[in-house]
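Shared chain: chain A. Partners: chain B in the first complex, chain C in the second.
On to the complex of A and B.
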């Protein structure tokens, strides 16, 4: 009889400590994955002549979806599993479109303001709901974007079903691409940093046991408000960018797709320090573009793949890869 | 005017109760929120349509479609839900994705035009007072009542019904008494799917089989179950009455496009103010901070 045993690599054990600075090899072991990721994000927009315009655009959408997935994952850190990230996305898109069309703001300013004001609107709506958790929060967030899209349909505000068209775009290709890319890199590393501070410990504590945090004299509502605001700001930013990219915003911004995509990114990549959903986004978006040839069957294939993933690799792809990177596997006699 | 409002409100309540009963039953017994519910609803309607177009009689087609849909529920439990039982979110996601698969494959097969209908069981009208009501609606009303009585008797006076209620109250204790809880959970999903198929075959003759209405049915089921209080049968009854009259009032005084707005608004409002619903008791403390 044999069983598989997993132990940390030697270099991993050393690198957990100050000994990471011991030699170039150790330093590169720690830094290499992050550098690879940053280089990947920064070089792809430059490869326009190799990849072609179409795949550059797919990459741009993947970047935005990665930001949305990060905002989803941030919410999941305080125990709020959202099935309606489309709400945040749609509010960002609509705010930016209205600021641009009705108040004649320049594009970059309207994206910035949409991220802040959109996030305020989302927080005011999501915060009362954050008092419930688990499956109830999931149901409520599933309903909120549907409610808004039906509301716009029924009252015909903001252009009703025909939406707002003629939103101005960011004319410069590189500005557009790098705005999203730097936002993604910034959000990723800042949030990872935030999670390893004492404040991050409190954030994760809310998920585990709210009562004991309250008993320790910590105002959990302040923390929740902050996290929901931060997460909504990221989601609104993605929505605003998308609105200026399509030069149009309609009720499709509240559609179920934008709720499912961040979710499937997180499922595919695994919830593991934001890297999982990021990896997921850069797999899911190109994949769904490749499946476009199948027409309406696309979403069926997509759902089947997701189900297979949930059932067979519940930990997610990133956890699998990072296990291979950090640990040795060997067969042991028992 | 008012008698029209009263009678059609009652009929609409019966329709909503029928649409919701299966979802509520599964949830109250095994705690599984079967989000493929709307898809099963459409699935059974399409099966009846296909059997009818192959020359089977209406009764036989309905019977076969109910059996097949129940079996589909049974399969969904053992192939998907069984492996991830106890992780509510994964259950929701996986059943929802299964529903999407069913609905979108039906759309792909071309069941989107207006020619797909099921004939009603009895045609014709009767007059209640001065209000004309078609016989299919009368059948729906009485079968909703009948279903309530049957479900009550089944839950309180049969061995398997009692075992199901035992599982609903406490799964571990039920296990100690020698009840096979996994099997019973699969039975609950199956029963839910069966009731869903019955309601589909009764209600779909009122209109056309539209693939998109699958999502609406799911939404109605969630709305009524949430507002009534998850796992409370009295709440389910009350909530369907409330929604039935709200729906009738919205159609009569506003316009039908407001119905979904009203539904969604009531789900959101009830969940925010009182997450355990109007009649729910158990879950209030553990789900609210």
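On to the complex of A and C.
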């Protein structure tokens, strides 16, 4: 007979506060996952000779999708479930492409400006919709990217269906990889920090209960605007990077894929302090590449795998792992 | 004379569809007064509170707070001016620790303005305040998720959330309902003390016995109209009030209108 035994019940409680600094064991317990994550992101671009160019690229796309997923999750914190991250993504891509081609901006500058101005455009469009929430907001955001792609198709602005090609790329491999990597790490830790401050409390309060927040004298519109802007800026950054990576931007930037990927990342990883969607992105993207060998069956297998994941770990993979991490167990003979 | 009046409601009207929830209502409140508002169900008490606090826009009429027209202003602006309300159906933030509910109020513009920038640590101020309202400082209760709290305590947290804003006029929308007798007995001295410190309070209440002990003046609403406005002991004897509550049909309702 065997049964499970908890090895260290107290460690979570001991690491809850400043007492975590008491001993090396506690410090490493708290810090280890974060260090592992940062090291993982930072070393992968260096492993080019082992992994090969193709998988490096998959990893790059996964990083961008992780940023997009984080931007999705940030919106979900104020109760806005978006089905249209493709909109933010596409606006970023188009803005950066136009800045680069029509205004001859250097690549890094155009990515930066696209993140800011693209985010402004997105915020101006999404903010009026933020009064509604839940399924209604989801429906509206589902429509917005379709509207934009159809508008570009019909009016033939921005190159119409043939898109904008000849966008210059970031020539240096390492600059390109590390730009995305540092953005991801920075966004991840800054947002986690933000959510744990009093301001983060207000952000989460909006999802819980807007009215009580307003009755407490908090200007919720300002907070919503800020959060939507921040989330859009992240999404636009991902789009801009993608545009310079492909050296092309077309209406495919508004395609449904980019709305669905962040969603499936978040569902797979679990909505838990941004780490879930991040983990999800690094599973979903390589997984879908690995399945390329199956040809048209790819989407079928991909969907089945996703369904199995969701059925087996409904709380999300990251929530599951972190729960297990906090309950160290071993099998014991009895 | 004008400066004594903190809140004035002039010719207020609001209807939902064909129903007149508030019908040309006049009301005024002196600084430091404790006004009770009672009335049968559907008499427009909550609508009145919602209009005053900015959550509903009236069809006609004005709300003057400290001489300023606040009709149709955003709720958060009104709260920042010092007119604070509690909710009848308590709406705490469920997914955060109990004391953080109060911290949210402490983040508002008003508190920043009054206390000047960053004052102390918000958590400690919040816990101090909750202690005054009868929570034990070191009990685990304060650190629990708000959704685990029993109803009576939620009311107290709601009160703390309002007081944290340092209000000048406090509107308590049925703060006593759903509380047990000992809980009511413990919260009444708090309200009394706040009032003695100079806070103007409007209490909308169904618990008439407790309210009449507290209030300086009582307004009775029925079908959106004011049917009595007097001291508690006079209101008790009022014929109209009796008929409104007990239904001796002096006021006939014509369904076929």
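Keep this in mind: the second predicted complex is superposed on the first by the 316 of 334 C-alpha atoms of A that agree within 3 Å, B and C clash if a C-alpha of one lies under 4 Å from a C-alpha of the other, contacts with A are read in each partner's own complex, and residues count from 1 in each chain.
To be clear about the criterion, contacts are C-beta pairs under 8 Å (C-beta built on N, C-alpha and C of every residue); 3 or more make two chains touch, one makes a residue touch a chain.
Note that the structure is a prediction, hence the values are computed from the model and not measured.
Taking chain B and chain C in turn and counting the residues of chain A each one touches, the greater count comes from B. When the two complexes are overlaid on their common chain A, residue A:144 makes contact with chain B while staying clear of chain C.
Look at A:34: by the touch rule set out above, it reaches neither chain B nor chain C. By the touch criterion defined above, A:136 lies against chain B but remains apart from chain C after alignment on the C-alpha atoms of chain A. Using the contact criterion defined above for the overlaid structures, shared-chain residue A:297 touches chain B, although it does not reach chain C. By the touch criterion defined above, A:199 lies against chain C but remains apart from chain B after alignment on the C-alpha atoms of chain A.
Touch criterion met: A:212 reaches chain C, while chain B stays clear of it. Residues 211, 220 of chain A touch chain B in one complex and chain C in the other.
Contact residues of chain A toward chain C in the complex are 198-199, 201-202, 204-205, 208-209, 211-220.
Chain contact summary for the complex, chain C toward chain A: residues 53, 55, 74-76, 79-80, 84-87, 91-96, 100, 103-105, 107-111, 122, 161-162, 164-165. Of all residues in chain A, only 81, 83, 128-129, 131-136, 138-140, 142-144, 146-147, 150-151, 153-154, 210-211, 220, 263, 267, 295-297, 299-300, 303-304, 306-307, 310-311, 314 touch chain B in the complex they form.
The touching residues of chain B, counted against chain A in their complex, run 33, 80, 83-84, 88-90, 92-94, 97-98, 100-101, 104-105, 107-108, 219, 222, 226, 257-258, 260-261, 264-265, 267-268, 271-272, 275, 287-289.
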